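So that you can tell them apart, the chains are marked A, B, C and D in the order they are listed, and the count of residues begins at 1 in each.
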């Protein structure tokens, strides 16, 4: 199955897109989606937190490594997943 | 000879005056005036810096321990000496 | 003396994201729309320190040289503006969560945080933080804490618009 | 790009002691009488952070119980005002020396410090510090540094006027 991950800032500039897709099996954890991003999108490496300690936003709230993610498109009940690193407000 | 020392804040409140006098011999250093304040005005002890490391203002500028002080009244060429501790601006 | 004088009420907290630069007028409107203003009179004169931080868009920004990509060696170039990209509505929610947590941890009387969304030109304000506290120490610590964590936790990105 | 753009000019520094509470009008007059105003436009848009600290006279102050003297156990009592006693002209001179030394040490663009002399009522301002810097880090550090050293080196004392 697929998880679509929203990306922003420098990551979006480098990837020339505002979202990337990773292939996963079953209902992966945040940790597993981060590991899949590392493996399947090496160009984003500079923006990716370590799979073991990183977090993603799931449905617009930060989620820890063990948090399960519902794969699939948003309009079919999938979670909204976002990579939030290197923010630059202020 | 005598050195007149201006005092302020809590020290002035405790001593119920804005100046005290110490007896000194010759042309004392800041260190010697501080030691004389300790010996001759025990009520000011809480406000007095240690004679070895303390400073006084001499003619409106901070002066270190070895700085010499001209005793005597201001209008007879004596230095203006002030004890500046426990300030509370801001 | 009244026992209620000593009670510490919950801090008053406001966090909002506003389109475009933060002008004084927009700030006043945002505060008023939340039904309150900053200032000592409205807090029973418990405030001893009021701090204000303004983030201004600078004329010069680090510039990643072409071919060296993000994270490569950087130079400085002249800027026209910054475009602030916010992940909505999470950005405002995280800004508010941060405001609450900093205000509580440091025992503040009030904290307001305002951030821009979209284009902010050089010399204009993109961020305003107002802190009210009983004493200066906790106000200064809270301000530093808030700004550090803003850069970690609030999903806002800036994109330079070069001259 | 012009080489002079990168030159760091000496920080603009102002320090002054004003009779009575610091109102916005008195502040503007004091800045203007030194021929300058704060703000990004007047500094070629090099400013990234503007910080402002206001010290306000609080309603409650520690009170030394009669008989226990200064340094004894304290309570809090309601205040009418604080009387600020300055050792003139040393106080203003030390305020300026502190402003210069903090502005230089932290590489600031500008720093203004204003302090009251005489009576300041509860809720009124007795101290205003304005810091302008290229980035937030040095501005925040400078503000903390200035306020800490103000309490050590500038001969100003306050005397409570109880209700």
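Everything below uses one rule, namely that contacts are C-beta pairs under 8 Å (C-beta built on N, C-alpha and C of every residue); 3 or more make two chains touch, one makes a residue touch a chain.
Here the structure is a predicted model, which means the values were calculated and not measured.
Fewest steps needed to get from chain B to chain C, stepping only to touching chains, is 2.
Chains that touch both chain B and chain D are absent from this assembly. Centre to centre, using the average C-alpha position, chain A and chain D are separated by 47 Å.
Averaged C-alpha coordinates put the centre of chain A at 27 Å from the centre of chain C. Between chain A and chain B the centroid-to-centroid distance comes to 68 Å (mean Cα coordinates, whole Å).
Per-chain Cα centroids separate chain C from chain D by 22 Å. Annotation for chain D: residues 55, 136, 147 touch two or more other chains. Multi-chain contact residues, meaning those touching two or more other chains, occur in chain A at positions 90. Under the contact rule stated at the top, the pairs of chains that touch are A-C, B-D, C-D. Here chain C touches chain D in the complex through residues 1, 5, 40-41, 44-60, 78, 122-123, 134, 136, 139-140, 143-144, 147, going by the rule given at the top.
Chain C meets chain A in the complex at residues 55, 69-71, 84-85, 87, 89-91, 93-94, 115, 126-127, 147, 150-159. Interface of chain B with chain D (complex): residues 6, 8-10, 13-14, 46, 57, 60-62, 82, 84, 86-90.
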